[in-house]
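One structure is given here, and the rest of the page talks about it.
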Amino acid sequence: MNDQQLLLLAVMLPFGGAIGIMLCHRWPNLREAVTLVTATGVCVVVFNIYMLFSDGVELTAEIARPLPGLSLGLEVEPLGMSFALVASVLWLITSIYSIGYMRGRDKQNQTRFYALFAIAIGSTLGAAFAGNLLSLFLFYEILTVSTYPLVAHAGTNKARRGARTYVGILLASSIMLLLFAILITYTAAGSLDFQRGGILAGKLDPASAGLLYALFVFGTAKAAVMPFHQWLPAAMVAPTPVSALLHAVAVVKVGVFTILKITVYIFGTDFITRSGASDWLIWFAGGTILLASFIAMTRDNLKLRLAYSTISQLSYIVLGALLATNISLVGSALHISMHAFAKITLFFAAGAILVATNKSDVSDMGGLGRAMPITFGAFLIGSLSIIGLPPFGGMWSKWYLALGTVETGQWLLLSVLLLSSLLNIAYLLPVPVRGFFGKTSDNASYSGIKEAPPSCLAAMIITSLACVLLFLYPDPFYELALNAFGGN
Amino acid sequence: MIDIILDHYNYWIVIFLMMSGFYTVISQGNLIKKIAGINIFQTSVFLLYISIGYVDDGTPPIIAEGYTTYANPLPHVLILTAIVVGVSTTALGLALVIRIKEAYSTIEEDEIHDKDKSL
Amino acid sequence: MIEQNLSLLLVIIPLLSAPVTAILPNARSAWLLTLAVTWTCLILAGWQITLVTDGSIISYELGGWSPPWGIEYRIDAMNAFVALIVSGIAAITLPYALLSVEKEIPLEKIPLFYSAFQLCLVGLLGIAQTGDVFNLFVFLEISSLSSYALIAMGEQRRSLTAAYQYLIMGTIGATFLLIGIGLIYAETGTLNMLDLNQRLQPILDHRTVHTGFAFIVVGIALKLALFPLHLWLPNAYKYAPSVISVFLAATATKVAVYIMLRMVFGVFSDEFVRKTPTDHMFLLLGAFGVIMASATAIYQRDVKRLFAYSSIAQVSYIVLGIGLSSVLGVTAALVHVFNHALMKGALFMACGALVYRLGSSRFENLNGVGRQMPWTCVAIFIASLSLIGIPGTAGFISKWYFVLAALEQESWPIALVILLGSLLAVGYVWKIVELLFLRPASDSTATVGEAPAALLVPMWLLVIANIYFGFNTELTVNVADTAARMLGLGMNHE
């Protein structure tokens, strides 16, 4: 197999897996085996691509050429490589987790669940390896459509409403703003290729560049910059593995990843700095960071609280992109991976609590930590990593982002970042604190409550260990980020 | 002014027929009367075409010695086709009206509308 | 031999077999003959398009009378493209028709049904082939008359009133066209399109020419169901037999689009369009049509009606493309003619499958049917994504070109209207998606089975075509581009 096929395989394998899963719908064990084998396979393939890539091999593949002069193609570049690594590893872990979770909750339509999950991951990898803006948009939309049934999985009125908000905002913004922006870019630049230094420099006047950039930032609603964030809390009606992988990692990270790519490879950091395209947008990002944190504090439902936390954290990444300096971009790229591992741990824990105790409100969780020490321990680690304390991976990304604000002299933004970290403490830490030290709320005894199913526990342990490991050994991601932005 | 009206009297007839036919189609609720309106409307177009073929001092388009100016036969041929089309449309329309009468036992538009609504 | 007479054979074969079909003794033999005829037409149309994609022209003189006296069939890329769409949809509809027609049409009338179907095909193919404006009118009436009859064969009595309404509107439209043709004939003395075009250029500012143009455009707009002349369409599509909904939705308005393009740019010229307020009128009506029809679609309570309104909206996109009167705009319009035929073909086939199993296409009877009829409902889903214009589907390619054409002329409002139309499409599509997949099944839908394979296979062929032509646009875009250039567009401003 040559290198091109390897790249195609990474994207096609999950789609193939989805077909396999559908074919095995009569035999649940076989079906789950297909999921695991596919996930492992994808991991192996992506690691191979990583090895080739770090050896300096250039990998590209063309899927089709739907429009004259525009191809749908794949290309490996550092930013996408690190995103693909995160997504493929976490898919494998989430697969292990979801088997325990879905069986524990005895959910309906599990075949559809696993098949669409695989398709969603396939399109995430496609987005990560997208060779130009058109391909990125293609996978962006497939991701939206394929995750819709996952959000609506429960089939209740509430799920239906949530899913409607979800798909409504994501599709509407992508059609009205993102597609519009892509077409304007194509009309102005005559190409949609990703190039270092951008393709728009010198082709737009500063005012239009600012507007176009705003279209991109808000059009990529997956990045959940306020006021286009409402879909993410709405998506929390989905089963926990979906929230964990898709709405803390895959979907939202495709959003911020798109913004990063556009910043670096379509506009070019120089052009953004010179034209001042992002001068007023950074305040949207900064505002989102703070507002979302405040809202998170008021939410009692644990998953909702995590959702708002995600919105806030995503804007860190967007902010890094908008500042458009090398250091802030490195911080953004690192934050994609760091936040992914930390947030998925939190969601895993939230799901484990739901499976074991059927509780979803923070106020009901007093004393629960004593019955479920591993779950709450993992939650604590995840929280600390998100807050950005050593010895956890989250520290690195926040460090670089803060450096970025210092470098550009945005002292106000620096204080936003610091204040937000304090707020993180205020809304995340009460959960484990209450769990370990709080009183049981209604004198109910937790004698009947055990830890979550072993597969859930295993997944949590792995991701929380990863949070530590990424503190000690962030090098692969750091080098990829440096490779992406350090060159110029 | 009078001359213009008198010289083109055929076109005035065309316009009059056209408008009255068109008005009948729009204003009448009776399905048969609508068809009649359509017919009048189409007839005006037949007249229009026939008028186009007229040539000053022209004779019928038959080749014979001594006649060099004759009416343009093409519009007449065309309009024969259009008449055939018109007849078939009328036939089909009337057939539909019969079927509607069988199904609704009325051919008044508003009554048909009421019957559909009451379902 | 065949290649020389290709253009005529395409029309003559169904014309000759239609009366034969009418006297065949039973339903199956009528179906078989029609199947053979449609596939023959498809092969001929496919052959024909290979001869003209490079920009060459086939000129066929009927009865050996040379133009401009005789009738000329003049095939360029656009004619061949439209003929291919019409015969392709007819050929794919026929396998689907077997079961659907036997269920919806009384057995003794089936040969007559297929006979009328072939006549309709004759009319549509004839329009696509001919190079003579009066001949075009005759073919238009052949297709219209047979489609009135076909619509009236629907199961409910309302199909009769729908057909009647269509007959009145259609006849007014055709008569308008006839008046317009008469007026420009009076000015030029010719009926051949090419000849007309040349003779009209020096007299473009004559008032008779303007009047003729107005009559022609309004007449075609009625056939096209251009907003606000669209009122006949929803009922006609809704109450027609399923097969006819498929066939008409995918072809009839498309052929009307072709007539519009041919008349406006081929007979008159883009210079004329720009001199008069025509282009602004098209843009205005198209924009209103997109928004009003899409918004109306959201409030429908019946899938067939909903998709009928969506058809009006899609036609309005095409009119926007025409109104931009540039190569890119007309390319977008033609690409969308093709892609929309694929989408609506698949969608109405799926609606037909729902009617086949459930006897109704009303919302209240379709709750949660996605679990029982997954293939049908997933087909609706994918074709609807194409309707919205999600990348990876044919619909995306059309949307892409439409917006690009609008941006090329910096018509920002038009670009936004096109995107807004997609947004409204998300609204009505998602209503259906929720209905089919997320609502709890009612008694009637809980026990129903999947549609038979004979309905599913053609439906899925079109669904797959929707995806295929979203990735491979060599046929659609190239042919549309060649056709747009051959209309003489963009001469003055490229």
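Some points to look at:
The letters A, B and C name the chains in turn, as written, and every chain counts its residues from 1.
Everything below uses one rule, namely that a residue touches a chain if its C-beta (ideal position, glycine included) is under 8 Å from a C-beta of that chain, and two chains touch if they have at least 3 such contacts.
Not measured: the values here are computed from a predicted model.
Farthest from chain C, judged by the mean position of CA atoms in each chain, is A.
Put simply, the chain nearest the middle, going by average C-alpha positions, is C. Centres computed as Cα averages put chain A at a distance of 69 Å from chain B.
Averaging Cα coordinates per chain places chain A and chain C 44 Å apart. Put simply, the C-alpha centre of chain B and that of chain C have 28 angstrom between them. For chain B, the set of residues touching two or more other chains is empty. Partner chain B is touched in their complex by these residues of chain C: 134, 137-138, 141, 145, 148-149, 152, 157-158, 160-161, 163-164, 167-168, 171-172, 174-175, 178-179, 182, 185-186, 191. Against chain C, the residues of chain B that register as touching in their complex are 22, 25, 31, 34, 38, 41-42, 45, 48-49, 52, 75, 78, 81-82, 85, 88-89, 92-93, 96-97, 99-100, 103-104, 112, 116.
Taken together, the chain C residues at the contact with chain A in this complex read 385, 388-392, 397, 399-400, 403-404, 407-408, 415-416, 419-420, 422-423, 426, 430, 434, 437-438, 440, 470-473, 477. Residues of chain A that touch chain C in their complex: 63-68, 72, 134, 137-138, 141-142, 145, 149, 152, 155, 159-160, 163-164, 167-168, 171-172, 175-176, 179-180, 183-184, 186-187.
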